[in-house]
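Same chain, two partners: subunit A is paired with subunit B first, then with subunit C.
Right, the complex of A and B next:
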């Protein structure tokens, strides 16, 4: 009996080992991935919808001060409570989420534009342009991104543009790496050879043959960048170096909330944090599933 | 009996490998030396480019240093006075001259004067860097210990309840900014239970005794460690799972070695090599985490000085700290590679 159990266990472990080698560490990953994608997309949909609709329909503005309603805990009237200036935290948090998502989306678009351009040029030209651009990429990655963001935002403070630029400058590297790897494999394909023998110029091949082929990868990497961009903007705003105070982003709200937490106002921190975490989790879940689906070999290669 | 012989064979093989390693110790040391020299040669251009970029950002900034130098007196000072100060500070020199002057200062150890702390940047660093190193060092130890324990347990019992919980929490926490963790920790342990202090390194003006600092270090170090841990846990779990499927582990199982010995003695060493490397490449995240955690806990370290310098547009301090962080990142990856060369007999030189 005991022996049989040991044998069964060993077979199970070998089966597991075989699966790990074959690149499918878990049986039935398809169903789980579909579930993760569904939950992520649904959650993100609800959050985006709420962030758009609620501040728009809500009777009070997220910036409305009301000193008769200061520091109220959550109740039926103020679902998330109110802050030190009597602002309703429910509408303020959702408006903040809208700002955060909007900024992150703009940054993601900027990052994939810059990253695709650099990655495509580096991968397509090869040789010294490739080496120079990749060294530049390594150099940008050698500075901790939040610190580079702090330097940029500090020197050009108080503007939305500074925050967006600081996020784009630190996030294009991910996209550039992915696009470059893709271009490197594409330029050896027969259709590129065919275009060359047809007399096409390099610019033409890049525009008409390479870029359309990497567009899918670039779009996917935008989803990968999105949660990072949300995180980066929130961290900068939290430090007081992000968006100007009149734009209520989640980071700005949390920045105010720290002193309120010490006074016992846990709701100032709890609800914005939960919404922030749900948003990043939903986007990260979608990104992970899409990556597994669009780049199947990556699952077995990286296995992360 | 047979098993003992087989294991004896393994041991003697290990011993002969050890002798070979002893013979190779000199070439190994040389390999490390070559690695260090090569990395320093590669680091110089990286640091130059970073310094140049940071300087250009500052030079193109709309903030005029003269305003900070004078404070509100800039409105009452005469144009002649302003011009003279500009002349003395060399603000009107060509940009190349200013860059050379600034870089020369940094190379020779004259880091400039911090405007927000009203003391030389070198003094600010000497005062604050030890606190950051204490916090970051404790944080990385906490993270590594968590990763070791949880990574081994989850990989050992893959698919079990603990594995599923840890994996889910780990993946969830990757999206969790460290200041949210810090808020939760303050809310529970400081405000709710009243066990630990909220901020600073000492109570009020108390002396920085060991007990005081230790008490104040617990919460920030735990928060930093816990927020760094998820990625490390998942990474170690994954590489241990791969190692458990290796031939030598299956061989160890086939010889009937106890499970504990198979996992800790045969699979774990293989899995620890990439883990060691990963630990060194996580310095950027550690620095970022330190910035946020130090700010939440009012920890008087260099990372929170970065935020204060940013808020006050204290350019000399900002630039030096950004360069210092870059040095830390390069140093982290160098240490990781040295560790790999020293511990992995298969790696001969820098790849």
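Right, the complex of A and C next:
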């Protein structure tokens, strides 16, 4: 009897360990994942909607100087308060968020396009093209990303294109790695042999067999890149290297807010920061749930 | 004639799987190849299908030496040899319907369907309903039927059957072998690889036994 209990206990422990390894620990992980997805999607939905609607309802006020309304704390009239030039921070922050999200979305699309192309070609061709492309990738990765971004942006000051390019250049590498790994596992499958035997060219196999198989992974990495891109853009703007100062952007607002903090204007920093953090957390939550569903391997392997 | 002489092939340096092998496939004749697992039957099949480059030795297709393999050999030469793989599950793209699988060689080589698809799918016993399904919705036997149809859809002059019947039941085996025999009777050279001696005795004109 005692022996049976010991065995049962061991099996229970083993099961728990296996579940933990598989990333589905007991205790309603499914429910928690659904909650995370729901909260993330809801939050992001509200933020995106607000970022679209609010600056559209008050089109000019993000740039409207009003020196009778300078440095007002949050109130019913100005929900987030006003800054040193009397601009309404609520409208300005949401306008900034819109710019950040737009830049991030363009960057994510750019990064997955470049990353998927490089990863698929490197993985599928193998040999010297693979080695050359992967060393190029290592070279990009060897330089600190922010530093590389700063160099690119410093060469072309105050241009939105330069900001986008600098983010794409530093973020395609992760996508390329993931796609290449996937392609490597596909390229020697018998169905590729069958396609070759059926007269398919390499381009045909890449288009019809390989790319559809990695599309899910690529789309997932686009969502994973999104919060990175938001932060990268914010960091560049904060350093005064990103978007031109007259354009509202979370980074620009925070940069202006630094001096206000000394005068007690906490709202200049607090609200834009909270919105920034909420946006990235919401996106990261969605990405993490999608990743767990699409890639049921251990989480650490794909952590970006 | 599809022939290989003095083949040396392997996967790890210094450890050849095949060493000095000769084989000839003549149009209209079926050569059986039997042997225990791991003796290099599939490796030989891959070389003859031009999918694996040998270390040394020569492969000759209809009197012309083949110097390059896989993608590097011309599509015309590649498609003159049909291949049926051992595991149908791995040999088809899981996203494609069986109909797309059977038509894939026609699409890839930009040839038109002159009724061959209907003819072959009927011969292998695939109904219209089955052709609309995806690989995970059919059995191994049904999938292997589609794979044989795919291998024959370009009317190859040679057919390599690498353990074609090892994953399928007796009735499907009978149907597939019957079709391959009729194709061989019409002038196709066939290599039938199997470890089932009794099957090869009934199927092949000539059986090569290794070890």
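We adopt the following convention: the second predicted complex is superposed on the first by the 268 of 304 C-alpha atoms of A that agree within 3 Å, B and C clash if a C-alpha of one lies under 4 Å from a C-alpha of the other, contacts with A are read in each partner's own complex, and residues count from 1 in each chain.
Simple rule for what comes next: a residue touches a chain if its C-beta (ideal position, glycine included) is under 8 Å from a C-beta of that chain, and two chains touch if they have at least 3 such contacts.
It should be emphasised that the depicted structure is a prediction, and the values quoted were computed from it without experimental measurement.
> Using the touch definition from the top, say if A:273 reaches subunit B (first), subunit C (second), both or neither.
Only subunit B is touched by A:273; subunit C is not.
> With the two complexes superposed on chain A, say which partner A:89 touches: subunit B (first), subunit C (second), both, or neither.
neither
> Once the structures are superposed on A, label A:183 by its partner contacts, choosing first (subunit B), second (subunit C), both or neither.
After superposition on chain A, A:183 lies in contact with neither partner.
> For A:209, is the partner it touches subunit B (first), subunit C (second), both, or none of the two (neither)?
Only subunit C; A:209 stays clear of subunit B.
> So in the superposed three-chain picture, is A:134 touching just subunit B, just subunit C, both, or none of them (first/second/both/neither)?
Touch status of A:134: no partner.
> In this superposition, which partner touches a larger number of subunit A residues, subunit B or subunit C?
Looking at subunit B versus subunit C, the one contacting more residues of subunit A is B.
> Go through the superposed model and pick first if A:198 touches only subunit B, second if only subunit C, both, or neither.
After superposing on A, A:198 lies in contact with subunit C but is clear of subunit B.
> Please output the residues of subunit B touching subunit A within their complex, sorted ascending.
Contact set of subunit B toward subunit A: 45-46, 49-50, 54, 57-58, 61-63, 158-159, 171-172, 174-177, 179-180, 183-184, 186-187, 191, 198, 234-235, 238, 241-242, 244-245, 250, 253, 283-285, 287-288, 291-292, 295-296, 306-307, 309-311, 313, 315, 318-319, 321-322, 325-326, 329-330.
> Which of the residues in subunit A end up touching subunit B in this complex?
So the residues of subunit A touching subunit B come out as 10, 13-14, 16-18, 20-21, 25-26, 135-136, 138-139, 141-148, 150-157, 227, 231, 234-235, 238-241, 254, 257-258, 261-262, 264, 266, 269-270, 273, 276-277, 280-281, 284, 303-304.
> Could you pull out which subunit A residues touch subunit C in their complex?
Interface residues on the subunit A side: 189-191, 193-202, 204, 208-209, 212-213.
> Can you check the complex and tell me which residues of subunit C touch subunit A?
46, 49-51, 70-71, 75-76, 78-79, 81-83, 85, 87, 90-93, 95, 104-105, 108-109, 147, 150-151, 154
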